[in-house]
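There are two complexes below, and they share chain A, which is joined by chain B in the first and by chain C in the second.
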Partner chain A sequence: MTTQAETRAPAGRERQAVRPGARRRRVARVLLYVAAVLLSLWVLVPLYLITVTAFTPRDHIFDFPKPVVPTHLSGETVDFFARSSGVISALGASVLVALITLAISTALGAPAGYALARYAFRGRAAYRLAILSTRAFPIVILAIPLAVTFLTWGIFDTLIGVALMHTALALPFTVLVTSSVFVSVPKELEEAAQTLGCTPFGAFARIVLPMALPGLAAAGIFTWELSWNEVFAATILTLDHPTLPALVVNTLQGASLPYRFAAAWFMLAPALVGIFLIRRYLLGLWSRVGH
Partner chain B sequence: MSQAAAVPARRRGLGWAPYLLVLPSLVFLAVFFAVPMFQAFGLALQSPSGSGYSLDAMRQMVTDGAFARALSTTLLLMVVIVPVQFAVALGMAMVINARLKGATLWLYIFALPLGISELASGIVWFSIFTEQGWLNSMLQQLGITHQSIVFLDYQRPWLVLATIVVAEAWRATAIIMVILVSGLQGIPRDFMEAADVFGAGVWQRLRHVVLPLLKPSIRVALILRTILALQVFATVVALAGGTTTVLANEAYRWYYRLRDPRVAAAYASLVLLLSLVSTVVYLVTIRTNEERLG
Partner chain C sequence: MARIVLEGVTKQFGRTTAVDAVDLEVEDGELVVLLGPSGCGKTTLLRCVAGLEYPDGGRVRIGDRDVTDLPPRQRDIAMVFQSYAVFPHLKVFDNIAFGLKMRKVDRSKIRDSVERAASLVELSDYLDRYPAQLSGGQRQRVAVARAIVMEPAVLLMDEPLSNLDALLRLTFRAELKKLVSELGTTAIYVTHDQVEALSLGDRIAVMNQGRIVQHDTPTRVYAEPASRFVGGFIGNPPMNFLAGQLGGNGRPELRIGEHAIELPDGSAPAASGETLVGIRAENIVPATEPSPGALPARTQVVEPLGSHLLLTAAIGEQLLKVVAPVDFPAQPNRDLWLRLEPAKLRLFELDGDRLPAS
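Now for the complex of A and B:
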C-alpha cells in the first residue's frame, strides 16, 4: 500500500497538487463542523424535549401537537412527582447509597491505586490484570446471588447492602483511575519532601494529596453517578427501601405520564451537573481505563 | 503494562507496604465479586429441596414460555446495537480528534450521556415514541403524516426493538466515544501527516492507519459495550413495558415477582456465560499487532 502511494506521488507534481488538496481539506473541515453540529443535536434534542415536558403543567402535558417552544412552563409536574408517595425517601436513599459507595470505594480503591502508581512489587501486573478483567463480567447481574447472601446476613433491603453491591461495580474503576491520578503527580516532589524531613505519610498528605485532589474529586463524582444511575441491582436488593431508580422501575407500569416524565428529569438533572463539573477530566478518567 | 518498567524499586525497607495497600480491595472483590459469581452457578444448580444439585432450575428456565424470546431479543439487540454505536462513536471521535474550534465543548456535549441512566434514557425516548409523543407531534406539524403512528405497538415487536436500539445508541455511545478518543490521541500526529503526504484520502487513512492502531481501544470498547448490551434492562422496561423481554428482565421477574431465586440465578449464569464467550471471541479475533508478532 505504502509503496504504491510513494510511486504515485513523485516530488515534481507536488506543487500542482497543493491547490486541490487545500480545497479538499477545507471541504472536509466544513463537513466535520456539520457532523459536529448534527451529532450534538442528536444528543441535546432529546434532553431539551424531556426538560420541556417535565416543566409543562399536567393540564397541558397531553396537548397535541406539542409546541416545540413551550407555551406553559411551571414546576407543577415536577412538584407533583416529588410529592408522590415514596419519592422523597427514595431520593434520600439514592443520595445516601451513592455517598456510602463513594466512601467505601475510595477508602479501598485509592490506596490500591497509589500502590499501583508508586511501587514495583511482585504480583503488580497480576493484580492490575485481575482488576481489568472484572470489566469482562456483567457485575450487576451478581445482585441475584448477593440478594440471597444479604438475606442471611440481614442486610437485604438496606442502604448498606445496595452500597456494597455498587462498590463492587465502582471499585475497579476507582483503583485504575486513582492510579492514573497518582502517576500524574511527580514522584520527585514526594521524594524531595521526604529528603527534607517529611515522613512518608507526611509527604503524601502535604504534597501528593493536594496535587491529586482535583483528579480524585472528578473520579469521586463519577463514582457517585455510577451508583445514582444504577437500576437493576438496586431493584433486586431492595423491597420497602428502594433507591429512586428502583422505585420508578417498580411503579412504572401503572404510573401516569407526568409522573414518568418528571421522574426521568429528576434522575437526569444531577447526573448532567456532575458531567459538567468533571468535563475537563473526562478523557483523563478513561484513557487509563481504556488500555 | 508499559508503566511497570517505569516504576523503580524503592523504599526497600517497606517491601510489605504495597501489599498492605492492595489487600483491602482484593478482599472486597473476593467477597462481593468472585464468591457471588460461583454462587450464581451454585444457586442455579441447586435442587428444589436445597440439598444436592439438580438441573431443575435450568430446565424450568429453558421450558418457560418467555425464555426463547428473552434470549433471542437480547442477542438480536446486542448484534444490532454494538455496530450502530460503533459507527456513531467513531464519527464522534473523528470530530473530536480533528481539533475543531470549541473542541472541549463538542467533547462535553458528546460525553453528556455518560451521566444518563438506562432508566432515564428509556423514559426520555418513551416521551418521543409514545403515541401522543414528540415524534408524532413533529411529524404532523411538518405535514409528513396526518395520523399518529403507534411506534410502541406490541403487535409489531420489530418497531419496539428499533426504539430500544435508538435509546441505547443515544445513551451508551458516549462511553465508546471516550475510549476511542483517548486511543486516537495516542496515535502520533506524524503517522497521519505521513498518510496525508502519500495522498491517502479520509477513508484510506481510516482503514489503513487509524483503525489498525486503534485496535486495543476498539477491543476494550467492544468488550465493555457487549457486556452492557447483554445486561440491558431498564430501557426495555420503559419502552416495551411487558410486550417484549430480555434476559435481565426475566432474571428480575423470576426473583422479584415469582420469588424463585434459583431460576433467576439460572438466568444470571446464562448472562455470565454469554459475556465470557463474547469476551473470549473478541480477544481471539481482534489481535493487536504486538501479539501477532509475538
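Now for the complex of A and C:
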C-alpha cells in the first residue's frame, strides 16, 4: 500500500510535503519486518530442528554444535518409528477418525452454517452465541463422564466414539466458518438462478456450492487437522485402539530420543501440508468468523 | 407478452409495511417504471412480481394466470439485478445460456439464441471470458442478455443502471430503451432516479411509503403531479411550492402575499382559503422591470448552468427556483419581477394532496 501511494503521487510534491512522515513510516515498516521475522523463527526453528533430527542417523543425533545445513541424513529413525508396534494401525485409526469427523461435522455443520448465513430467524444471535459458548466448555470436565457414557453405549475404545467427540469439538468451528463462507456468496446469485429456472436446491447446487467449494474445502482441511492433532479426548476414550497422537503420548515417556523426534515429525508433516494447502483461506476464514 | 395485474399486494417485514395494498396494472408490451425514494417499497413490490418475496396479502397475475403461489421459475419472468448477479464461476456464454440449459433446450438452439442475445448487447467478442475480466458495464450487459435470451413474458429490472458510472449510465439507458421497445416485452423497471424514470417509462408509478401515489405517463407525472410529494420528487429542480390564498368575488383569484393572480376560467378549484401553489421553475418568467401580474421578488443566487441560468429568488420569505435564458441580466441582491404562468399553476391542499378542479 505504502509503496503504491508513494510511486503514484507526483514525486516532487510528495518529497517536500511528506518527508518526516515517510521516514517514520519506513522505521515502522522495518520494525514490522523484524517482528515478523522473529515470530516466524519462533515457530520455524523448532520445526526445522524436529525435521532435521528426525532424519539424522542415531549416532549423530547428539552432535553439538549442530551444522546449519545437515550433513548426515537418513530415513532410518522415521523408518524405525513407522515399523514399531501399533504405529501403522494408529495411523489408520487417526485417518479414519478424521474422515468420520469430517463427514459428520460437515453434514451437520454446513446446513446450520447456511441457515445462519441466509435466514433471519428468531434467536439467530443467541444461536450463534450458544454455538460459540460450547468452545468454552472444558474438554477435561467433559471427557470422564463421556468415557462412562461411551462405555455404557458400547462405543468406548472405538473409532466412532472418538470421531463423535471430535465432531463435538469441530462443530462450532464448522458452523461458523461455513456460515461465513456462504455469506460471501451473494444471495442475489441464488435468486437470479431461481428466476432462470432453478429450484432453491438447484440454485444451491449449481451456483452456491461451486463458489463456496474452496472455502468449504479449507474448512474441511481445518476440521481434519483438529481431529488429527487432538490428544486429550483420544487418550481418554481409547485403550487398545488409539489414534496416532494418543499412541505417541502413551509411549513417549519410555521412548528414546530418536523415536520421539520421529513421532513428532510424523504428527507434524501432514498437519503442515494441510495448513500449507489452505493458507490462502485461513486468514479470510478467521477474519470473517467475527461478523 | 403478458399483462401484469397486481391486486392489493401487501408485504410486511416485522412491523413495517413495505408494500401497502398496491393495485397496479401493466399493459401488454408496456414498460412501467416504479419510481420512489429508497425504502418506499418499490424493490419489494418488484420482488413480489418475481416471486422472490411472498406477499402477505393480495394477488399477482401475469397474463391469464394467478402466479401468487408459484415460485419464480414457473412465472415466465426474467430479472436483471442491481448488483448484476452474474455467475462469477461461469463464462459469459454459460451465464447467458444458463436459463436455456435449465429449460433443456437443445445445444445448437442454445448457441444460436445466446449469440443473438450477445450481439444485441454487443458482447459477441466476450463470450469466452469470465465475468471478472469484464467491466461493470459489460457485466450488466451479460445480465441483460441472460434475461432477454429467455424471451420472458415479463422482464423485471431492479435499478440496473445504478451501479454504473454517470456517462455509461446515459448511453446504456438509451440502448436499454431501444432494446426493450424492440423486444416488445412487458417490463417493470425500478429506479430512484427520476430522470431515468422519465426517459424510459411508458408510464411511471410513483411510490411513497409503500403505496403508489401516482400512475401516469411521464409527461403528466411531471406536469400534473398528484401531490406535493410527486411534484417535489420529480424534476430537477423540484417543483416550487408557495403558500397562497384562494378567493375572489366572481373571478377565481389566487393571492400570494399581498399580490393577486387571476386564474384562467375552469382551472380554479371550487374550494377557497389557504392553499399550496406549485409551479415548475421553467414556468416562471423573470423580468428586471415590473409588469402587470408579475410578483416582486429579489434575486438571491444566480447559477449559470450552460444552457440556462438557474435563479434562486425570494418572494417575501418564500424561496423559489426560476429558469432564465442565458442572456438574462441577473444579478444577486437585485429586484426581480416574476410572472407565474397562470395555466401552469397547480393547486394543492395544505397536507399536500392535489385540489380537485371544479
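The rule is simple: the second predicted complex is superposed on the first by the 256 of 291 C-alpha atoms of A that agree within 3 Å, B and C clash if a C-alpha of one lies under 4 Å from a C-alpha of the other, contacts with A are read in each partner's own complex, and residues count from 1 in each chain.
Convention: a residue touches a chain if its C-beta (ideal position, glycine included) is under 8 Å from a C-beta of that chain, and two chains touch if they have at least 3 such contacts.
As the structure is a computational prediction, the values presented were derived from the model and not from experiment.
> Using the superposition on chain A, decide if chain B and chain C clash or fit.
After superposition on chain A, which the two structures share, chain B sits beside chain C with no clash.
> Would you check which partner chain A:L102 touches, where first means chain B only, second means chain C only, and both and neither mean what they say?
A:L102 sits against neither chain B nor chain C.
> Is A:I50 touching anything from chain B or chain C once the two structures are fitted on A? First, second, both or neither.
Touch status of A:I50: first partner only.
> Look at A:R260 in the shared chain and tell me whether it touches chain B only, chain C only, both, or neither; answer first, second, both or neither.
After superposing on A, A:R260 lies in contact with chain B but is clear of chain C.
> Between chain B and chain C, which one contacts more residues of chain A in the superposed model?
The partner making contact with more of chain A's residues is B.
> Once the shared chain is lined up, is A:A36 touching chain B (first), chain C (second), both, or neither of them?
Touch status of A:A36: first partner only.
> Look at A:A234 in the shared chain and tell me whether it touches chain B only, chain C only, both, or neither; answer first, second, both or neither.
Neither partner.
> In the overlaid three-chain picture, which partner chain does A:L196 touch, first (chain B) or second (chain C), both, or neither?
Touch partner of A:L196: chain C, not chain B.
> Once both structures are aligned on chain A, how many angstrom separate the closest C-alpha atoms of chain B and chain C?
6
> Can you give me the overlap between the chain B contact set and the chain C contact set on chain A?
200
> Could you please specify the touching residues of chain B with respect to chain A in the complex?
Touching chain A: residues 1, 3-4, 7-11, 14-15, 17-19, 21-22, 24-26, 28-29, 32-33, 36-37, 39-40, 42-43, 88, 91-92, 94-95, 98, 100, 104, 106-120, 123-128, 130, 132, 134, 136-138, 140-141, 170, 175, 178-179, 181-183, 185, 197-200, 202, 208, 216-217, 220-221, 223-224, 227, 230-231, 233-234, 237-238, 241-242, 248, 251-252, 255-256, 261, 264-265, 267-268, 271-272, 275-276, 279 of chain B.
> Would you mind writing out the residues of chain C in touch with chain A in their complex?
For this pair, the touching residues of chain C are 50-52, 71-73, 77-79, 81, 83, 85, 87-89, 98-99, 102-103, 143, 146, 150, 156.
> Would you mind writing out the residues of chain A in touch with chain C in their complex?
186, 188-189, 191-200, 202, 207, 210-211
> Taking the complex as given, what residues does chain A use to touch chain B?
1-2, 5-6, 8-9, 17, 28-29, 32-33, 35-36, 39-40, 42-44, 46-47, 49-50, 53, 62, 64-66, 68, 104, 107-109, 111-112, 114-121, 123-125, 127, 130-131, 134-142, 144-149, 164-165, 167-168, 171-172, 175, 183, 200, 225, 228-232, 235-236, 245, 248-249, 252-253, 257, 260-261, 263-264, 267-268, 271-272, 274-276, 279-280, 282-283, 286-287, 289-291
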